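To start, I am sharing the structure in question, which I have written as structure tokens.
Per-chain numbering from 1; labels A, B, C, D and E assigned in written order.
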Amino acid sequence: MNIIALFVSPLIALIAGMFFLGLSRKISARIQWRYGPPIYQPVIDVIRSFSQKSITHGKFFDFGIILSLSSSFVLILFLPIGKLCALTSGGLIAFLYLMLMGPFGIALSGAAAANPNSSIGISRKFLLALAYEVPLLLVLLTVMTHYHTISLVEIVNIQANSGWAFGSWALILPGIAYLLILPAILGMRPFEVVGAAQEISSGPIAEFGGKHLAFYTLQHALHVFVGIALFVDIFLGGWTFFGLLNPLAGTVWAVIFGIIIFLLKMTLVLFIGLFVNAVYPRFRIEQAMQYLWKWPTLISFVGLIIVVLTK
Amino acid sequence: MDRNQIGKWLKNPGKMANKYSFHVVYFCTGCGIIEVPPSITTRWDAERFGIIPVATPRQANLFLITGYVSTKTLAAIIRTYEQMPEPKYTVAFGSCPINGGMYYDSYNTITSLDKYIPVDGYIAGCMPRPEAIFIGVTHLWKLIDMDKADGYKRYREDYVHYRANQEQILGELDWPPLFSKENL
Amino acid sequence: MINELKQKLLANFNDVQVNIPEDNRMTVNTKKESLLSLVSYLKNMGYNHFAMLSCVDWIDDKEFELIYIISAYPQDDEHYQDKEKKNILLKTRISRVKAKFITIISIFENAEPYEREIHEMFGIHFEGHPRLTPLMLERDYKIPPFRKDFDTNKYVENTFGKVPSIKERKEGKK
Amino acid sequence: MSLELLLIIAFSGAFLTYLSGKISSQLRDGVAVLISLGLVAIVSFLYNVQTETVFYQGFFGISLILRMNSLAWFFAIAIVSFTALCIIYSLSYMKDCERSNYYYFMMLLINASMLTIVLAGDLVTFFVAWEIMSWSTFLLISYNRNGALQAGIKYIVLSLIGSMCMLVGILSIYTSFGTVNIADVANHLTPSSVGYKLFLLIIFSITFGIKNAIMPLHTWLPDAYAESPSPFSAVLSGMLTRMGVFGFLLIMYVIVGMKTTLHLGRGFLSFNTILCWLGAITIVIPTFIAMLQNDAKKLLAWHGIGQGGYMIVGIAFGTSLGAAGGIFHTLNHATYIVLLFLSVGAIEYSTNGLRDLNSLGGLFKKMPIAFFGGLLGISGLIGVPLTNGFVSKWLIYKTLILGNAPFLAFAALLGTWGTVLSVYKFLHNLFLGQLPEEHKEIKKAPLTMQIPIVILSFTIILFGILPGLPLKVINSIIVAAGFQALDINIWGVTSETGTLNMLNIFAAIAVFGAIFWGIFKVARKSTPVDQYDNYAAGAAVPKNKYHYTVEYYAPFYRMGKPFLKDIFDMFYNRIAEAIGSICDSVRKIYTGYVGSYVMYIVLFIASLIFVQLTWSIF
Amino acid sequence: MRELKLYFGPQHLGMVGNFSITLQVEGDRIIKAESNPGYLHRGFEKLMEQRTWIQNFPLVCRINVVEPDHMELIYSMGVEKLAGIEVPERGKYIRSIFCEMARVASHLFGAWAYANMLGFDTVANWAMYHRDLLLDMFEELTGARVYHIYLRPGGVRRDFPDGFTDRLVKTLHKIGGKVPDYNATFFENRLFQKRAEGIGIVTRKEAMRMGAVGHTLKATGLKYDIRKIEPYAAYDHVDFNIPTRTGGDAYSRLLTIRDDMIESVHMIFKLIDKMPKTGEVYTKTPNPFKWKIPAGEAYVRCESARGELGLYMVSNGGTNPYRVHFNTPSFNNGLTVLEKALEGESISDVGNIMISLYVVAPEIDR
């Protein structure tokens, strides 16, 4: 099982991530009264980027982006996609750290480009990360404390037995907090401060072209996938769907349908993000930080206190 | 996607992807830019053909020269063009870049653009309507298919001459040549 | 009202000629020495909006004519007085050779870009201007382009016309 | 090899170095390196040795004892190896400095005294060595005079307070039990009252808290780190400050005993909970203050404080994972902070003393070794997977989360995210971005400076991928302290609630890295361009003005500056001023600034005695 | 190394027009901003001296791409004043309607630009769509989408076609019906409000000192509008308000622009009602190639969408103008006021401030 997951789950994540990128462009277009690009447009973009002759600002410029993409793929291995989960070592803590490495790689690469637009973008990226990390850590700690485990797989498995976390009264507040910070994790408006094209010329990727851009796009796709998948895994019970898969338990079909259910749930969550994305302008970075440190943090803090007190 | 194109896709994915994913460098070089926002928004929606504006030339492969080019802009255009990764295409808008248009006697606008950077296609008119942009783009597709949109290759081959022309107008350029001997 | 102003100007300044060609314009011709004091006088009179600075090259007279157009912002939000409807065209002439004049930035702050533009286009040096750097042009034209003796056709022919096409250059044409 | 010989070599080596410096500087360099490397060799031979020797009997009838166990060995090997690396590094760093004889003498003296501290089997030896260490540290901190002297005075005053506390504690132990032998004291202490144990814990905690810079007692540290010569900053931050951790381990787990320490008090009022929370505060606040720093060494110094918090949290939380994490973190912290200080030192060396984060940039092409040192150093500091910092932090987080202390875990994790921000700024402003014109031609860092950087970089990766190596020793330490043993293999830790296996993380990263590196190579080759061929909105890139350094996290600074002041430092200064004004009345006796501090010390000790008296009533 | 030079434009996604602002930045605060125009300089005023009075119309409209009509208007007014031509009554009304349409189109373009600047794609798309509906009306009337060349000395080129006014009213109603949506998602969106409030403040005193015009001034509460002060075309026949705000910040300016747009639409309705149903729309002028205008000078001004637009024109009795000088609102707002307004602001607000000051680059460069 693990061996299969090792090969299959990055593939699923990549395809689904690109699909989500395409879908988000299509849906945004429809909200804006447009027809929108074909849903496979991001794939064409990636192929185009690969076919272009990029520039490099030195070895480190290349190293950062490779590090970023490969660690994003490593991250996928730690994520239960449906019933697939290749690696479990380190649990959610290692997951959190690995989640950091993708942006960190891009930050290294962007800074090696010696472009202040990139540097400002990275500074915003880290500040935004710090801002949403506060409620996110509280949320994850609440979940880990509640289920008394640091393993993601176990969290999903417990939910399979005892119902979705989002449905249980103790974890509803963290769930809401996660939904509130989801646009920030995905880098969507109103938190699209990092690659603010009209302000700092698309920020960290200002100097990326050709294969560097292609790598970045893939990394971004994976990032979107991870951001949503984490929510689905932690709060919406991963592959579970009210015992629908119980009759199939143990067969290959359970795995396949599990993945399908998982992806459907992710699409649903993505839609919520897209509708928020469509009707809000960009925050200024300090406004974003103030917002994230106000409501989501408060809600998740209350959630954590409730969980600690009822423990 | 057209089913007839699958063969082409398999044969040369890079070329096909370049055709269907024009990332336009957003540079209002002249008044023609006024028709770019309509063409990328609701009414004409260029994104259905994969055309979207991007922030920096590094990510782009299509350069729309939207109108007349003053000498001050010419420097910026050359710089931007040189920063675009290959393959890259240039489409000039309106009559001004062709021969100076109505500014044929202006002391600050150049008369024909293709003396300074290679231009792959022209969209005539002042201004060209948004439909004309799409016709221009479809024409560019044909040119790419026929491998005739080779401006970047010409630029590489004749870089010495292009550079000489640029320097004749702009004086000493404050950036080193794009193609040194080993780069060619 | 406008005649009052005319009388006041004539009384206070001895080398001005005031014309009132139509209702809302008043032309004041003055010597270049008294322009600065005239401008500040008008500002104190309530004409606090410096609309523009223009320049005409009277090549036959070998003189530049500088035109300062000054009007007034409304004082009252609801009713407009006569003052706001007036435009005062202050005119003065300076020599075309080694043209220079004094800046009025100390009186009207927004004269700065106008003076820069005139400096660039006509080659008039404004003494006391903090940055007479090029505004629009980066090229060095021998004659400032807005002067009447600058022939654009000839200039275009000599600069842009002489650039060979790439084909010609490849074939060795200089 | 007996322990006395070790110390004799250590101490006499210091004097020998000084004397040989009088003859020739090359000879002195050679002796210094030989002595320090020799100590490394000797200590490493003592691996797994459990011994105890009485080396002097006549001191008021107290027998002075040296002993070797796993705890002592762990610290001893760390001390001698890091000092040896720093000595090697100093060879070229201190080449053109004056008073370098004195510098080497002090370095080796500190080395010897630290060695004595960890080997001490009784409190008197411990105290004497502690004093030698404090004083020689003071002399070396103020090596650069001027600002350094201020920093040194601040350090020594706080150190004196600590020493006085310790003296009070030792005297109290001696009067109570008539012995200062640590093992005997531990035995005697078991039946004594809770109040007395608490008194001892508090009074020693003040000593070690000052040394380890726990939050309200940290004020000496930033200036001291920033002002002293870089190799010594490395020793200071890497090992010397961590003598505090050793002290905590000694007092909490050895003298008072693990079981007693963990059950003193109830709930929030228990000793270890309070210490945990002090540690948590020490993690969070200094880390965020570090973000505001513009001096590379000061930034690292504040991180030095912050990382100390992790160790305290780990040790004070008192689970086997936590203790192991805390001890392991001490080693890891030493590795990367020494590396970082040495990297900064290399920059200082190459740019003639520049370490301002706002005036450098783009050095990664000019100083690749220092850059990779810096990169791995900050990776370790953050705790990026595959570096050693990750393992120890993981151990601490895990025990905090599963030990139902989510708020402590939150503080620790938040500290990590703050660390990411500030160390990225460090890396970015120094090494990445635009290279200033004046640094286009800089002198290369010599080999003797590069070797320690390379060795330490390698160590970070080694301990990151094979954490089992040091954890094996640490396991024996915590077992000796009475904890349950960890299930350790070479790749990581196994336990029923989540295992850590660095092998599969390493393999995954290696495989994916190789795949994408391959794809990257196979894809169209990219053209290298120089830093001036850059996107500048169509304009030419300006020279020296195209690097975003100043106030890197400007929005955060604007928000956080009112809250992130070093209030304790201001508080102490105000107290000092107040006492100074009181002392004005007795100015005939006490004159000057130091006097007020002495008065302060006296008052402080009086208050401590008062505390003891109140506690003994209970 | 302390200072950072950042280029905002010319090649920048946030830059509307070919214009450049060089920023000196510390942290993310702007210490000093320097406008750098001239990328679009074509030397219009020189070129116009070489063309006949009528030949200049194609040039004149290209001075401002976003709303060429007021340029045509002011040039016509200048020629009329020099040559002493009167405009027939219906011609005046048509001129006013035409200019107000142009104002609405321009403001919709401004809304697009502002929304686009904040990454507000949805609203940006809507605004551009609605502007296009209006451009369709222009196209029907003049045959061109952008450069209409509809006004001419002595009136307008041709009369409204049959039923044009009805279709115009219908289009305007269609656009007006979306105003609540715009308000909800854009103008009164709390996030947007937060983003735009308090940035780029220009107080009334400063604005008057720096010679600001247009919405920069109106947003400080000063009703400086040439349509009221010195009515031209048919503006003295209708009754309209000048919307003002008191904040002086970007948000106030934008709301002023919105209110101005709504006011313009109402004005168009009023003008259509009041317009004489029949009559000449232009006065005949001589053969354009031989048309000599008596020597003299004229200064005319009108209120374009961006503020006071002035034209100083000199004739020496020839077939060509002797000197033409446009005083465009962006020249002042973009060079003097913008530099001041940007000082001390955050780099994320450069574009917002620039657009809220309604700077259009070709107007500056000419």
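Methods note: a contact is a pair of C-beta atoms (placed from the backbone, for glycine too) under 8 Å apart; a residue touches a chain by one contact, two chains touch by 3 or more.
What you see is a predicted model, and the numbers here were worked out from it, not measured in a lab.
Q: Starting at chain A, how many touching-chain steps does it take at least to reach chain C?
A: Minimum number of steps from chain A to chain C: 2.
Q: Could you run down the chains that neighbour chain B and chain E together?
A: Chains that touch both chain B and chain E, as defined above, are A, C, D.
Q: Going by C-alpha centroids, which chain is farthest from chain A? Tell me that one.
A: C
Q: Counting contact pairs per chain pair, which pair wins?
A: Ranked by C-beta contact count, first place goes to A-D.
Q: Let me check something: if the centre of a chain is the mean of its CA atoms, which chain is farthest from chain E?
A: Taking each chain's C-alpha mean as its centre, the farthest from chain E is D.
Q: Can you compute the centre-to-centre distance for chain A and chain B, using the mean CA position of each chain? Integer Å is fine.
A: 36
Q: How far is the middle of chain C from the middle of chain D, if each middle is the mean of its Cα atoms, in Å?
A: 70
Q: Once you find the CA centre of chain D and the CA centre of chain E, what distance in Å lies between them?
A: A distance of 65 Å separates the two centres.
Q: Using the average of all C-alpha atoms in each chain as its centre, how far is it in Å between chain C and chain E?
A: About 23 Å separates the centre of chain C from that of chain E.
Q: Of all residues in chain C, which are in touch with two or more distinct other chains?
A: If we look for residues of chain C contacting two or more partner chains, we find 136-138, 145, 150, 152-153.
Q: Hey, what residues on chain E touch two or more of the other chains?
A: Touching at least two other chains: 4, 10-13, 15, 25, 28, 38, 41, 43, 46-47, 50, 116, 125-126, 129, 346, 365.
Q: Give me the residue numbers in chain A that touch at least two other chains, ranges are fine.
A: In chain A, the residues touching two or more other chains are 32-34, 50-55, 116-117, 120, 197, 201-202, 206-207, 210, 284-285.
Q: Can you work out from the touch definition every pair of chains that touches here?
A: A-B, A-D, A-E, B-C, B-D, B-E, C-E, D-E
Q: Give every residue of chain B touching chain C within the complex, in rising order.
A: Touch residues, chain B against chain C: 71-72, 75, 100, 104-108, 110-112, 114-116, 118, 154, 158, 161-162, 164-165, 168-169, 171.
Q: Applying the document's contact rule, which stretches of chain B touch chain A when the two form their complex?
A: 1, 13-18, 20-21, 23, 41-42, 45, 47-50, 54-56, 58-59, 61, 83-87
Q: In the complex, go through chain E and note every residue touching chain D.
A: Where chain E meets chain D, its residues are 1-5, 7-12, 15, 20, 22, 25-29, 346.
Q: Which of the residues in chain A end up touching chain E in this complex?
A: 28, 31-34, 116-117, 120, 189-190, 192-193, 196-202, 278-285, 287
Q: Inside the complex, what are the residues of chain C that reach chain B?
A: 136-139, 141, 145, 150, 152-153, 155-156, 159-166, 169-170
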